[in-house]
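Each of the two complexes below includes chain A, the first together with chain B, the second together with chain C.
What follows is the complex of A and B.
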């Protein structure tokens, strides 16, 4: 501590060490938050449902997605990534997931939303298993904090069924 | 900066940084604003730097008191060889 350089160095190292500790504590404080998000998805219409020339099934649907994810936001949350996936079982694979829509929620004010959209990404099965298939629509989300640990969770909405015939 | 001043500067630096960290974290958490925490802490670091890094006069209140050169000449270091001869002479007498 005998010169300006030594004092500046000691101060800087100590200050950055404390900053790291504060960030760690901020991340730990996220554990005190117990979120209670809600989501609801309706399939309003199957726009078309057909077999592609390469024998893969493809569906286009109109969706109504409403969700309240405000409780996911804490003071340490940067943004929340949400996506809606169709999940179903085929003889070959026990779990198939197809992302139909996604979005980035930048702040708590935008976390209660309602959207009417056709599927943003194409709903294509690798095969022709979709006729009359029962599937779940699942809202997944990843909470991205400013510092520290990421959290992810989902809400599964079962009981959707695709039509028996191509249209 | 003298010895006491160095000790004071180090203690001031550590205590002030910790205090600002506690204040910043508390107010950031209460106001639910991460940015507020960072701003308060950054302000605290700048203030602590200004207070403890430059060589302020109040760090120099306990200067080391060295002996005056002339004072040292009046009391020269005793010569070991001269001492030994003296003692031997006294013993013989």
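What follows is the complex of A and C.
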């Protein structure tokens, strides 16, 4: 009953149970954090706006993104993935979501940032519906924990509009 | 050599009743593992509720050897979700993030584009030739949580298949020779 094998087994089982419990508690403790992030986005310029040969509209823009996501970080946070998406509706599509820019924030020190950039991913419609199109810019963030459950939330900024003519 | 002789002796001395009892124990272990797996499948709605990350394309978020828990809910897939998908004709599931979504109004179809956080390019280069979008049926699940490092055993065993047989063999011998 008290062989080396049994003792090793008992010790291993106990260690794994404690580890699982600690992981679970670390993940649960994230719920006590009530973050208050803020973000602001400006479209500084429409660099160009045209119809591709296959009839899809494409637009290139210069963006100014500033955000303060420091309150998202807890001791169980490995990183925060943040991205800016353009969201709009067209006659054929109930929702179009196109990521324009994204970034990985590795620590709290980097969570308050300001960036001036043109869109990192191409802003292409499935069709040619972008002229004069009203769209939302939404900042999304996904909190990746060191262990446990992942969190996500967003700030929607409505009221942007694309030009009426190609340029 | 005394050890081998002892083991052989113990093999010989096993009664028929004990053999059956061992087989039943083994069957219980295997079936409870199966029940857990299938139960998880039912609860999460995903055919493989737990996957091990095998590539570094999502670093530093997910590293090789991390375990991901998947969930397949009715909620529509949205940009930013980390999904696991497998392409037509390929078995290997891929864990990447959705960066573009187009929901069709009349057909309920969804066009999805994915990218690994650590990759420079989106996944169109990895898709089958001529494929520009993923559809809902490619998606196996959505990652909802994860545990670090626990999947390393799986990775080592799939890299060095001999280890798998050694492990199963050893376990088998232990179970068969164990006396309680």
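The rule we apply is simple: the second predicted complex is superposed on the first by the 163 of 167 C-alpha atoms of A that agree within 3 Å, B and C clash if a C-alpha of one lies under 4 Å from a C-alpha of the other, contacts with A are read in each partner's own complex, and residues count from 1 in each chain.
The rule is short, and it goes like this: a contact is a pair of C-beta atoms (placed from the backbone, for glycine too) under 8 Å apart; a residue touches a chain by one contact, two chains touch by 3 or more.
Note that the coordinates shown come from a computational prediction; the quantities given were computed from them, not determined experimentally.
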Chain C versus chain B on the shared chain A, clash or fit after superposition: fit
Which of chain B and chain C A:74 touches, first, second, both or neither: first
Touched partner set for A:106, first chain B, second chain C, both or neither: second
First (chain B), second (chain C), both or neither touched by A:18: first
Chain B versus chain C as contact partner of A:10, first or second or both or neither: first
Touched partner set for A:83, first chain B, second chain C, both or neither: second
Partner chain in contact with A:142 - chain B first, chain C second, else both or neither: second
Touching partner for A:46 - first (chain B), second (chain C), both, neither: neither
Touched partner set for A:29, first chain B, second chain C, both or neither: first
Partner chain(s) touched by A:96 [first = chain B, second = chain C, both, neither]: second
Residues of chain A touched, compared between chain B and chain C (which is higher): C
Overlay on shared chain A, then closest C-alpha pair between chain B and chain C (Å): 13
Footprint overlap on chain A, where chain B in one structure and chain C in the other make contact: 146
Complex contact set, residues of chain A against chain B: 1-2, 4, 7-8, 10-11, 14-15, 18-19, 21-22, 25-26, 29, 74-76, 146
Of chain C, residues touching chain A in the complex: 60-61, 78-80, 82, 97, 99-106, 111, 117, 122, 143-148
Chain C partner contacts - residues on chain A that touch it in the complex: 23, 27, 78-79, 81, 83, 85, 91-99, 102, 104, 106, 121, 126, 140, 142, 144-150, 152
Chain B to chain A touching residues, read off their complex: 1, 6-7, 9-10, 13-14, 17-18, 21, 24-25, 28-29, 31-34, 37, 41, 45, 48-49, 52-55
